[in-house]
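Next come two complexes built around subunit A: one with subunit B, the other with subunit C.
Entry: the complex of A and B
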C-alpha cells in the first residue's frame, strides 16, 4: 500500500498547489467573467460581457495587433534561437565544429534578465534620445538623434517584437541545445563518407531531429507573448493596446463594473492559446514534424 | 481503486483548507477600541508592530518614513513601524477586497495611505475599520476638519474613516533655460505647444497625473470646476466635455510624436524630460521637481508653475482597513504622524517637501516661526502662492467619465 501510494503522496503537494492556484484561478476567472460577483450582490451568470466584447471594434483591433506582434515575435525568436543553438553546438565541438565555452555564457545572458527589465532596457537604448541614437549620432551615422527610427511606442509594435526576439531566442536555443548535443561526432564522419556537405548534414540530419523541440519551444513563446503584459505595456502605444494591457487596465482601473469584461478578455486569451496549441499540434502531426528523427 | 483514493483525498483536503473557509463576523471586537480612553489605546499599542502599506515610488518619501518617522515612533510609543511599498494603492484595495470576499478577518495591513477613487471604493465596499479620526488627539487639536478640502476627499464625505496626512497640488514643471515665459492658462499652453511642436505631452489617462492634467483642462475649457464638485450625469457631462475633446485634439498634432502615442506613465514623461526630448513635465506634488533636481535627474534650471485660475489640489489620508491586525498601533502611529514635529519635518524639502495637513493657525508660536523660516528652495513655489491657486478635486465619477471619454475621443483619433 505504502509502496504504491508513495509516489502519489510525494507529488500531492505540487499537484495540490497546481490545482488550487492554476485550476482554481482559471475557474474563478471564468466565473467572474460571467458576471458572478456575490460581493456586490450579483450571482446570476450572464454572457453579456462576452457579447459586448466580441461586438466591439476595439477588441478586434487589439486582437489583430496582439496576433501580429506575437506571431512575428515567435518567428523572429524561433529563427534566431535555431541559429544560436546551431552556433552553440558548433562552438561546443559536438559534430563537425570547434570548441568554446565563452559564447554559451553570452547567449545565456538574456535568460537572466526579467521581461520588464528587458523592456525598460529597450526604452533606454532605443528611444529617440536613448543610447543607441546618441551613439550613432556621435559616430556620425545620423544627422541628429531624432532621425533614428521610432522603435519604442511605435504603432506597428516593432519595439515589442525586437524585445521579445532578443529575450526568447536564447530560451528556444536552450530548448534545442540538448537535442543537438546528443548528436555524435561519428554521425558527421559517417555523413561525410556518404558525401554530405555541412548544409546537407544540417538539413537532412539535424533539422528533422530539432523540429519537434523547436515546435514546442516556439509554441511556449507564442503562448507567452500572446498573453504577457509588461513588455507591451512599456513599449506599446496608447491605442490600440495589446489585449493583455487592455485587460490589465480594465481590471485595475478602479471601476469594479469593468472587471468581468477584463476577465472575459483573459479567458478569451487563454482559450485562444489552447486553440493555437491544438492547431500547432495537429499541423505538426499532419506533416510529420512531431515524430522526430530516430536516435538509434 | 484504493491507490486513486489517496491523492484524491489529499487534493480535496488542500482545497478545503485553502479556499473554502466561510466568512464570519470578527472585526466587531476590535471596534470597542474606539470607545476606550486614549491612554488605554497607547498602552495597548506599546510593544506592537504595525505595517503601513503605501505607494513606494518616491525615494524621499520612503526615507522620511524609514529614517525619520519609524525610529521616533518606536522610541516615543514603542510601536515598530514597517513600511510595505506598493506600486499602486489600487493593489491594496484589491487585496482587501479579495480578503473580504474570502472572509479573512485578520489581514496584514494596519494602516494605508489612501485617497480619491481608492477611498471611494474602500468606503463603498466597507473595507475600512471605523470612524477613528475623532479619537486621535493630534487630529482634534491641530486639524481643521470643517474645511471642505479636508472634509471631502474628491467630493466624498470622509466621515472620520480617514485622517488627513498631507496636501498635494498639481504643478507644471519646466526648464527655465528652455521655456522663458511659462504659460498661465490652458489657452496660453496651447499657444506655447503650437509654437514648440513636439516639446510637450502628457501621460495617457488612466495614469494618475495624466488624468489630473485632463481634469485641469476640463475646468478651463468648460467654465470652472464648481459645476463638477457634486458629480454630473453622463448626458450633460458628454455635452460639456465636447469643448475639452476639441481642445485636446487641437493640441494633439503638436505634441510629442505628433500625439500618435502618449507616455503610458509619469515615469516615462519624466524620462523624456530628463533626456531633453520634451521641455515640460508635471506632477501632483509641488515639491517633486525639487526632489528630482536633488537626485540629479532633472536639470538645475528646473522650475514649477501653476495656472492663474488655479491648479488641482487634494488632501491625502491615512486609514485603517476593516481587518487590521493591530488597530491600536495604527491609531498611535497616526497620532504620531500628525504631530506638528512630524508634519513640519515632512514639509522640509530635505525630507519630503509637501504641504502639511494641520491648520497653521492652531500651531504653537514656536512651530509657526519654524514654518515661516523654512527655506524650500527655488523649484518649490512659495506656500502662499500655492495656497492662492488651489482648486478642489472632483468626485471619482467625473474622473471615470473623463478617462473613458479620453480614450474614445482623443486616444482613438
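Entry: the complex of A and C
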C-alpha cells in the first residue's frame, strides 16, 4: 500500500503548490474578468467586460498585431532553428569535436540571455543611432546612420519579430537536434541507391521525422510570443500595442475599473493559445504531419 | 552485364603510404548471375560493393554496365537495389511504404506502387504486415522487408552486403533458402558480399575470393574448391593442408615429405591435400594411393565426421573421416592413404606469393 502511494505522496507538495498558485491564479483571474471583486462590493458575475473588449476596435487592432508578430516570429524562429540544427549535426559529423562544441556554445548563447536583455540588446544594436547602423555607416554601406530602416519601435513590429527569431531559434534548434542526431548517415546511402536526390531525401525522410518535434517546438514559441510581455513592451509602439502589453498597462494604470478588462484580455489570450494548440494538433493529424513521431 | 576494370581504392590515416589498397583488375558479373564476393572482415568487400553502387568514388578504374561506362554516374541514377547488413528501414514509414519507397522515387503512382509492394511482401512471406511500423517487426522480418524493398524496383543489379550476418543461424538458413528461391524465380543479377563460406557456396553461381583488397580468384564453387589457384584461396576455403615445397622431375619435395606427382609444373609452389580424401582404413590400397605414416594428435567429433589432427614429422595434417570408423586414439601411429588423383599443385608464378 505504502509502496503504491509513495510516488503520489512524494509529488504531492509540488503538485499542491502548483495547483494553488497556477490553477488558483487562473481561477482568480477568470473571476475578476467576470467582474467578481467583493472588496469593492461587486460580487455579481457579468460578461460586460468581454462584450466591451470584443466590440472595441482597439482590441481587434491589438489582436491583429499580436497575431502578426507571433506568426512571423514563429516562422522565422522555426526556419532559423531548423537550419541551425542541421548545421550542428553537420558540424558534429564532419569536424573535430572541439569545433562542434564551440559552435554548439555559439548557438546556445541566446538561450542564456533573458528576454528583456535581448530586447535591450536589440535597441542598442538596431536603433538608428545603434551599433549596426553606425558600423554599416563606418564601412560605407550607408551614407548616414539614419538611412538604416526603422526596426525598433516600428508600427509593423519588425524589431520584435527579429528579436524573437534570434532568441527562439536556438530553442527550436535544440528541440530538433536530438531527432536529427538519431537519423543515420546510412539512410542517406539507402535513399540514394533507391533513386532519391538530396531534396527528395529531405522531403521524404528528414522532414517527416522532424515535423512532430518542429511543430511542438514552434507551437511553444507561438504560445510564448503570443502572450509574452517584455520584448513588445520595450520594442513596440504606443499604439497599437500587443495584447499582453495592453493588458499590463490597463492593469497597472492606476484605474481600478480597468482591471477586469485587463484580466479579460489575459483570459482571451489563454483561451486563444489553447485553441491554436488544438488547431495545430488537429491539422497535424489530418495531414499526417505527426507520423514521424511514431519513430521509436 | 556488370564489368569492373582496374578498380583502385586506397585508405590512408595521415602518412602518404596507404593503410589499405583495394585493387581489382577485372571482374565480370553476367546477366542473371548470382556472384558472391567472399572474404574475411576488412578485406574490402563492402568497399568494392559501394564502388559498384556509386556510393564511394574509386581512385582508378571503371565500372561498366551493358557496355556503357557508369563510373561517374550517381547512385540514384544507376537503378541498382541494395540490401545492407542492417535492415535500415525508414522508421516513420509502414512496411508497405518502405517497400514502395524506390518505386515512389521512380515516379510510380500510389496505387501501382502499393500493388507492387504488396506482391513483393507476399513473396517474402510478410503478407498481412503491410501497415506495421519497422519497430513492430522482428529482426528477421525487418530484413525481409529490406529484401522486398530492393527487389520491388526490379534492379539492374541487386547488391547485398552481408545481409544475413546479423540474424541467428536458423533464421539465416531460412533467408538463404528464400533468396535462392527468389533468384531462381526472377533471375536477377546479384552481387552478394559475405564472409560465410557456407553461405557463398549455397547461393552463388560463381564466387570471387577477396583478401587484403586483392581479388585472388573468381570461379564456380566446385572449381574454386577443387582447383584453387592461390594458397590463400585454399586456406580461406578451410583447407589447412597447404604445404610449401618444390616440384622437380615429377616429384614434390618439402622439408617433411616427398611424393610423386605426374604432370605438375616444375618450380616452387604449394601442394594441397584435401582432408576428406584421406582414408585411415581403406578397403584397398594400391599404386593410385599414397601412404602417409602419421601420428594421431587429436580426434574431435564434428557434425557428421571426425576431425583428426595428425603429424608426419613436423608437418601437421588435417584428416576428415567418416563416423562409421572406430576413431583412432591420440598418440597412435596409423597409415593414412591419399588418392594421387586428388593432389592439387599451385605453382608459385600462378599463386603469386
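Convention: the second predicted complex is superposed on the first by the 271 of 296 C-alpha atoms of A that agree within 3 Å, B and C clash if a C-alpha of one lies under 4 Å from a C-alpha of the other, contacts with A are read in each partner's own complex, and residues count from 1 in each chain.
One rule holds in what follows: contacts are C-beta pairs under 8 Å (C-beta built on N, C-alpha and C of every residue); 3 or more make two chains touch, one makes a residue touch a chain.
On a predicted model such as this, the values are computed, not experimentally measured, just so you know.
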> If you stack the two complexes on chain A, which partner ends up touching A:208: first (subunit B), second (subunit C), both, or neither?
Replying inline: second
>> If we overlay the two complexes on their shared chain A, which of subunit B and subunit C does A:64 touch? Say first, second, both or neither.
In response: neither
>> Contacts for A:190 in the overlay, against subunit B (first) and subunit C (second): which applies, first, second, both or neither?
In response: second
> For subunit A, which side has the bigger count of touched residues, subunit B or subunit C?
Replying inline: B
> For A:271, is the partner it touches subunit B (first), subunit C (second), both, or none of the two (neither)?
Replying inline: neither
>> A:200 in the overlay: touching subunit B, subunit C, both, or neither? Say first, second, both or neither.
In response: second
> Between subunit B (first) and subunit C (second), which, if any, makes contact with A:238: first, second, both or neither?
Replying inline: first
>> Residue numbers of subunit A touching subunit C in their complex, please.
In response: 184, 186-187, 189-197, 200, 204-205, 208-209, 291-292, 294-296
>> Which residues of subunit A touch subunit B once you look at their complex with the stated criterion?
In response: 1, 4-5, 8-9, 11-12, 15-17, 19-20, 24, 38-39, 123, 127-130, 150, 153-155, 233-234, 236-239, 249, 252-256
> Which bits of subunit B are touching subunit A when the two form their complex?
Replying inline: 2-3, 6-7, 10-11, 14-15, 18-19, 88, 90-91, 94, 97, 100-101, 117-118, 121, 125, 204, 206, 257, 260-264, 268, 271-272, 275-277, 396, 400, 403, 407, 411-412
>> Which stretch or stretches of subunit C touch subunit A in the complex?
In response: 50, 53-55, 74-82, 84, 86, 88, 90-92, 101-102, 104-106, 133, 135, 149, 153, 159
